[in-house]
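Each of the next two complexes has chain A plus one other chain: chain B in the first, chain C in the second.
On to the complex of A and B.
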């Protein structure tokens, strides 16, 4: 009897341990993830949920729940021609940023890949300098460049006998003028990333290909560019996701979105509605649209580009 | 027994130690001065030293109160920070607020009304010094939400040396838009520079000056509701005049800073700006700087918005409220206004100071530019603050219309008509009396 009991107890004990071990092994990963999930929830998911909640109400920062507007907020926003214009201008900015801080840094990195280390150091220093200057100070320099009367650009233009341009008050020139400042500020960092990505490709591969008779073009197409894929993907994602943010300080310092909103974009518009006219509900709705657009864009990028990117194994 | 004794000793020692720590703290707490925050837009080059001096004299007279100033580059940045501070439960005590925010503050922020301050802490005599029209400036829906503090009017600063070079008489500067047109052609032909520049920002101060002086209005009370009326013929003519001056090459489309730089760099003969900038521009100009009155449109009376700010108290703690109210009265005392006017150019709001030799009489007599500012006072009208929670967005629409007109992208008629439609949507339902 005693032997049976102790056997039964042992079996139950072992089963219990196995079950506990099973539960434990299933729970363990979540326990490890818990701190990270907690902070993601607190600093990412909660603000997003709160922004969506705020977007359904009218009011300022202090009385954000004064009047319920509901989904009509999104109908009004998405059918508003002013908002359409903001979206078009955002796309224009992104196109310029893609050219200036994605394509151009890669191109220059390719061109300077085989120069001497001393020359590379020179290029890195020159290109990277604007990145390390505080944004508002760096951008302030451009106020003088664009000054309509005694500014650098108009002085040069006048000397050439051309009529001066009011760069920041003309709707045709204002976005390129602002984007140029953002590109100048961000270019160096992206150039360094591109150069580092290119330099990380083993020369064994390119030398072996050359020994096998591959010409430069083939080496570039078949070896360098595919192995550069992950870096290029990273730069592309950063440019598209943060492109509008890069332009924020230049817009604020140079134009404040003017003339008549012609230099604004989605990120700046959110700031303007939230912190200039204190319409937090409208700013929150625009933030939700921004999250949806760029979240979707990032997802599509990864899905489409991951297939064509080759990682060195 | 011995154990009990040692326990008693232990407790007694700790009690004495605790008292040693707590008593000085509580005594210190009772003697600690009250600290209040004063938020302003006064930088080192614009009234900052005067703020420091006024705080020093206040603290000397009130050793139990500390005032910590916090300076912002502009009203908008101050207002933005103010909202987050209030939302965080830590509002500043005394805040300079630009007049365009008057209706917004009155309808959306937890200010302490002047009536409540007087009821709690007195101050009837202080209020009695001011004319009723000055007390009425910061009134929203029948409640006085603060005290009008800084008052400025636009004047025309000009470079007399350049005027002489162009063959014009600097002792008789142009007084009307037409005279500035004639002078503009001469200046353009002889010196190849601009004649007169109006800088403008998102606050519509300059825009309102053009519209009002051409006989137009920004807002009207129609059937008990506010309506935007800046698309009237008069308003359109006023804005069209501004545009024509730019098109003719007598002026250019400029921000305040661009216009200021142009005057200092001799790229323009004249700059129309606030008398509040008088001290700064006098310090920076290395030429014969003078000022004249705002130009008249045809034979219409000159009407320009009174710029500047009013003071609002946000303290919730009674001790701080009382200290803030005392500090506000110090800023607006005869001595306070004397310091303020000398250091900035703002017009003092206490009657009689400019005639009193104990205060500003000598200063005004020796400062002809300040005299021009005083001359302009009776031409000042209320700086329009669009009503309701969308009031700031409404103001932005008018500013955008100004940008469209001056950059030549739209005619004054189209830009003002479209903006008025939008503004009327934004302020729909905002009631008024009259």
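On to the complex of A and C.
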């Protein structure tokens, strides 16, 4: 206790003095950073470099460097019709994710502006529930929903007089069925972010506009939507970059990419080639394609993060 | 913005409908776990059957080594949380407190690590763990995670450390404290609340991870986490796609996170928001 009071007194005494630069040697910041950067380098940045290197070899998980293949790997991959199929399916997934975890959360967050603050807290907490549960566990109940004979969906559509559907074994329904689960899991999180973006728009502005005689539609169009722009852009970018990752666990739990690869996508395919068929080189080459395709978007996200860093100063 | 009564009614109705869609699977998750095993498909439209039946829970506790897997999850999530904090706190301190050469470059490395898709790192890290003989061990599961998402902690803590009045550091320094003591005796005790928030965030995310613990620990029951155990239990022919059992196992494995969420909802929602905006 006494140490603290004496510290407090000295704080008052020294307030405003700049002696910061004197603390520690010039090496200190590097020593504080070294452990974290070592782990980041070893387990995140180095693996990215390894992916490039590994993609040039043929081998399996036990012997990844059995044979040098070189750039021919990419020629083979990019001309492979099965890989084209995976890219098309990835685009299909992303389109569904854009509707479900970009457009829908923003729309519902805008509607939330019309209800009382107490209700906002309630909706926020409940919508977030699926996000806070482990993905494979949250997804497990959907296996039962999609069960062809006694599951909920077929029971409902049979009651409506429609032919039952084998949701997860049918090439035409499997991607929407899996995407729906991924959307359900991720929706609440994006709703939370959209709502936080809307709430950060000062009510002073909207109230001042209302006093000046602006109607609700004008306020929405001229004030709320423009100021919401950065949040919307952020949601758009993370949906595009992580959209395929959101579908990863639902695919693994519901279909394992089946039937006959019809529900796979680029992210799931990397995992499958690496750990199911053990073709490390192929998995690595697909990783490189993933990085190439999303690198541009990742750069946009990086710039947004960087700007955030600067705003804090 | 003042909505008319009609707008308010429409908004509320649409939100309640969305709420129904979001909640229904969770209601079934809990409801099916309390149905008698034979009756799981008997009345699909009604999630609960009365009276509640505990057979599924008895089966799960008998067939699955719940205490063991629970402990594994606790060690895994706790180890990652503690390790990331021990790495992130000094790093955030350095970024928020010092000016030094390559500061921007090193910060960029942290930011980039947050953007790299997780799936790209699986194979190289798996090969590394295999070489070190750490597959199917909890340390093998924990150690790479100390690099993979430590950036979040650095990011979030850095921001709160920056709001700390620098004069207090100066005073402590004049008192003869070195920067290490300033960090652990002054900054950390007075930043307790943001540190706990970040800890809860890391803990929840890590507890919920599935693919990574499956890859590293899925080969040996001694290293199953709860999420992995539930998945393998479901695939196990002995439990025979017994939905009730699967749901009961799911409910059991989710309880600690649910308890955390219900107790600290506001704090958790805030930290998740900040974590996302920052990366």
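The rule is short, and it goes like this: the second predicted complex is superposed on the first by the 251 of 313 C-alpha atoms of A that agree within 3 Å, B and C clash if a C-alpha of one lies under 4 Å from a C-alpha of the other, contacts with A are read in each partner's own complex, and residues count from 1 in each chain.
Operating definition for what follows: contacts are C-beta pairs under 8 Å (C-beta built on N, C-alpha and C of every residue); 3 or more make two chains touch, one makes a residue touch a chain.
Owing to the predicted nature of the structure, the values given are computational and were not obtained by experimental measurement.
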| item | value |
| --- | --- |
| Which superposed partner A:150 touches (first chain B, second chain C, both, neither) | both |
| First (chain B), second (chain C), both or neither touched by A:166 | first |
| Which of chain B and chain C A:275 touches, first, second, both or neither | both |
| Chain B versus chain C as contact partner of A:61, first or second or both or neither | both |
| Which of chain B and chain C A:141 touches, first, second, both or neither | second |
| Chain B versus chain C as contact partner of A:114, first or second or both or neither | second |
| Touching partner for A:256 - first (chain B), second (chain C), both, neither | first |
| In the superposition, chain B vs chain C on chain A residues touched | C |
| Chain B versus chain C as contact partner of A:225, first or second or both or neither | neither |
| Touching both chain B and chain C, residues of chain A | 61-62, 143, 147, 149-150, 275 |
| Footprint of chain A on chain B - complex, ascending | 76, 79-80, 83-84, 86-87, 104, 108-110, 194, 202, 252-254, 257-258, 261-262, 265, 267-268, 389-390, 392-393, 396, 399-401, 403-404, 406-407, 409 |
| For the chain C and chain A complex, residues of the former touching the latter | 1-3, 7-8, 10-12, 14-15, 18-19, 21-23, 25-26, 28-29, 32, 40-41, 44-45, 86-88, 90-91, 93-95, 97-98, 100, 103, 106-128, 130, 143-148, 150-151, 154, 159, 162, 166-175, 178-179, 182-183, 186, 204, 207-211, 215, 226-227, 230-231, 234, 243, 246-247, 250, 253-254, 257-258, 261, 265, 268-269, 272-273, 276-279 |
| Interface residues, chain A side, partner chain C - complex | 6-7, 10-11, 13-20, 22-24, 26, 28-30, 32-33, 35-48, 50-51, 54, 61-62, 64, 108, 111-115, 119, 123-138, 140-145, 147, 149-152, 155-156, 184, 187-189, 192-193, 196, 206, 210, 216, 219-220, 224, 234, 238, 241-242, 245, 248-249, 252-253, 267, 270-271, 274-275, 280, 283-284, 287, 290-291, 294, 298, 301-302, 305-306, 308-309, 312-313 |
| In the complex with chain B, residue positions of chain A that touch it | 58-63, 66, 143, 147-150, 166, 169-171, 256, 258-261, 272-273, 275-279 |
